[in-house]
Amino acid sequence: MVTRVVVWNEFIHERENETVRGIYPNGIHGAIAAALAGDPALSISTATLDQPEHGLDAARLATTDVLFWWGHKAHGAVEDAVVDRVVQRVHEGMGLMVLHSGHFSKIFKRITGAPCALRWREAGERERLWVIDPAHPIARGLPPSILLPSSEMYGEPFVVPEPDETVFISWYEGGEVFRSGLTFRRGAGRIFYFGPGHETYPIYHDPLIGAVLRNAAHWARNPAPAWTDVASAPNVPVEQAPEPLAPRGPSLHAPGQEGYR
Amino acid sequence: MVTRVVVWNEFIHERENETVRGIYPNGIHGAIAAALAGDPALSISTATLDQPEHGLDAARLATTDVLFWWGHKAHGAVEDAVVDRVVQRVHEGMGLMVLHSGHFSKIFKRITGAPCALRWREAGERERLWVIDPAHPIARGLPPSILLPSSEMYGEPFVVPEPDETVFISWYEGGEVFRSGLTFRRGAGRIFYFGPGHETYPIYHDPLIGAVLRNAAHWARNPAPAWTDVASAPNVPVEQAPEPLAPRGPSLHAPGQEGYR
Amino acid sequence: MVTRVVVWNEFIHERENETVRGIYPNGIHGAIAAALAGDPALSISTATLDQPEHGLDAARLATTDVLFWWGHKAHGAVEDAVVDRVVQRVHEGMGLMVLHSGHFSKIFKRITGAPCALRWREAGERERLWVIDPAHPIARGLPPSILLPSSEMYGEPFVVPEPDETVFISWYEGGEVFRSGLTFRRGAGRIFYFGPGHETYPIYHDPLIGAVLRNAAHWARNPAPAWTDVASAPNVPVEQAPEPLAPRGPSLHAPGQEGYR
Amino acid sequence: MVTRVVVWNEFIHERENETVRGIYPNGIHGAIAAALAGDPALSISTATLDQPEHGLDAARLATTDVLFWWGHKAHGAVEDAVVDRVVQRVHEGMGLMVLHSGHFSKIFKRITGAPCALRWREAGERERLWVIDPAHPIARGLPPSILLPSSEMYGEPFVVPEPDETVFISWYEGGEVFRSGLTFRRGAGRIFYFGPGHETYPIYHDPLIGAVLRNAAHWARNPAPAWTDVASAPNVPVEQAPEPLAPRGPSLHAPGQEGYR
């Protein structure tokens, strides 16, 4: 069973900034796709902001098992209709990997219901990602910690809901800490937020970061059939109640009428 | 320390439907306010959809500790600007009580990030609310279960995030179950979803339901000062890093520049 | 990758009580093993209280991926040394399925840290198991609810820690509810409590209950290597600190000394 | 409503080790009691290992609202009967504050069901406690982080159950991180684990640490009456079922008989 992954990137810094282009000549999405490509159980494609419907039309999302999301400068340019569609697909069971500055994407704010704020500093300092939960599938095969020689600091408080699981916590040279690997579930969808990935450092070329991304892709994949009516609120008519039931009292809805929403 | 409560109601059924008006001649908000009024530590006012800004202008929300929300027929008529304002205030620390059909309100879907769907049946059947967590502040002084002689059935799956705490689970005569009392937190705000409260039954006149609402108002109140910058993402300049730090490597942002969002 | 399952049963009622023996002539463990046997990815054996070390010597536990536990009358007869060994193996990554009256087993009380109390009634009443979380692997392929024509009532409050996930909630003819499918994690081990399974009803012969047991066996299996030093507290000497460090101040422990426990 | 606090200490290092005695001439319990004494809503007493029943007889525990626990060298010397009694009182609603090396106490291992292991280093390095959840009652009035100039390093993985809430995460000079403030609930009892407090550094004299301890004492107090039958499993006879019920099928227990445990 191959997991179909789409790596989405706003793909702006790489075209506007020479430093970033030097690090990611094929785009950040290209580097992530290359990191995932080592795994034959993953089938990988990419999508970018500038494509029609940002490369995420309904037919494509319907056949996507796991979506990686990298955005930073253009969160506001992502169309609400595409956001709605992605959120609906997560509820139906598509996995979602939110990367680095994606913490402020419309999608992550929508799916968490939280401000998703944090503190930050761009100083090329050391980051150490500690594995908090070594038995978690996302941590499979990793050493106790991963050293990133240069990273952007993301610091607490990270204003997200209490996560289902904390997989990584980061230490920074400058003195801060950050919950850099968190899992959530919404409907049938599994969500993983992963902190590392600043565009001015070659983080997605790091083999251990690649291992995390591959592990996460497998973890996020829900093999169940899509829960397509996850947002419906069906009426259960009296005659279909599990137990025999004689209706009584006043009623607002006529029999068979749909509920309000 | 008095807790300032605003009870919000769309206030439509009571004006359009004679049955509902007969049960709630002062509106559902009036009945809830009356149930809360027994508690001198609560200061209660009401607001409705038809008021300017739905009765929830910024100044009023800023002085509200806990907001009760009852809506059903007119979820779509609630202005997005008011929704944004309420969600922001919850993140800052305002408590939120989402009642009954409010499960499909814009506010609850936004704050949970989930579809919030469920099954339903309007047959006047018996509901028994079981106290799952008798040590919880919201359950203070309650018997093991509360009997509602006539209620609307709300059934599982209730597609919300795994809650922080499950306080009540309901049994229905027709054979279904429902997690009818759930807590969540977002930012500094505490959220309680409470299932009972269908408009064609006199549920808010029940003294035990009143006790739950009073308990919940106290539980939801966060006495901390409002966390007004909960959604900001401040830069921590290198010279303010807790540990001495020499910046290195390339940088996207100029010193002092704001981050993207 | 075959999952090695051991089904443990105290195996007393079936020898002492004719009714139970009539329903489970090969023992409850035999019926559970038969229900699991349909799945070629599971390798199944059984163990009982009367065997040396209750059939759970260290070598056998070391090669067990998932342990099913059925006990009722003889919780007190289970040796503490075996309990310790099982708990250690769960921490290392062995899955644990706690069935029905196993809620009061030494193992479940130890692993949850809670009283694990509940209410009960043995009246052969109808139980409906509702799937609360249809996207969960344990619910794969199940209908919205499972009807047990005769069951023992287990009622709330079920005094366990707030679970990681609530998979099933049961409705009873007599008016109660019960969280009958709950997941927990401890160390590397996944734990599933499953309510149905009273000895005087043929519940383990029900094909849908068998499907739950098979799903749960797969879910509980942690493919990571055993975390054998999960309970160790290693000293990290100063010279092995990730960052260069000059020790300062007084110290209680001599260099290289083990910590207290 | 005054909260009755008992500060328990094994009180060995202070008598055996001159350095520790110099820092805590009145014992660690004395320093903690002094830190709490600033709050008139707390009534404070102390207890130590060498007292009869370790100073924790049943009558005293019955009138204790919150118990602080500091132990290190003599975990094994704490009598199991006292451990059972403390755990039972936590289930009934007594708050429990587990401090520093208390992570390996019998009580904490029993109440969490986990190994509670961690890594450690005694090098007098800097620790920064970051407030992860500024809106939590335990963080009231605190700055974004607390600096401890000299501390023992406690590092991840900290093998405890996924906590209800993460309040503090610590940064260490030597490169590690640690979840140093975690909440749990068991029965009616609230538990807070707090990392700082090594005996060779004057941490409990720090005013901000004192503020955390006072906040935590108030948070942990459950004002509900003690849930004294939290561990009982009452039979609900057929004639007391909420819904009329005709028993059917075979039964193991005679009417009125107690359940097995």
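Each chain gets a letter, A, B, C and D, in the order it is written, and its residues are counted from 1.
Simple rule for what comes next: a residue touches a chain if its C-beta (ideal position, glycine included) is under 8 Å from a C-beta of that chain, and two chains touch if they have at least 3 such contacts.
Values in this document were obtained by computation on a predicted structure and should not be read as measured data.
Looking at chain B and chain D, the chains in contact with each of them are A, C. Counting C-beta pairs in contact, the pair that comes out ahead of the other among A-B and A-D is A-B. In this assembly, the chain whose C-alpha centre lies farthest from chain D is A. One simple way to say how far apart two chains are is to compare their mean CA positions; for chain A and chain B this gives 27 Å.
In terms of their C-alpha centroids, the spacing between chain A and chain D amounts to 36 Å.
Shown for chain A are the residues in touch with two or more other chains, namely 128, 134, 155, 162, 164, 175-176, 187, 242. Within the complex, the chain D residues that touch chain A are 128, 130-134, 155-158, 162, 164-166, 169-172, 175-177, 179.
On the side of chain A, the complex with chain C involves touching residues 93, 128, 134-135, 137, 140, 145, 147, 164, 187-189, 222, 224, 227, 242.
Chain C makes touch with chain D in their complex at residues 13, 17, 19-20, 72-76, 87, 91, 101, 104, 110-115, 117-125, 150, 153, 155, 159, 161-162, 164, 173-176, 184-187, 199-201, 230-238, 241-243, 245, 247-253, 259-261.
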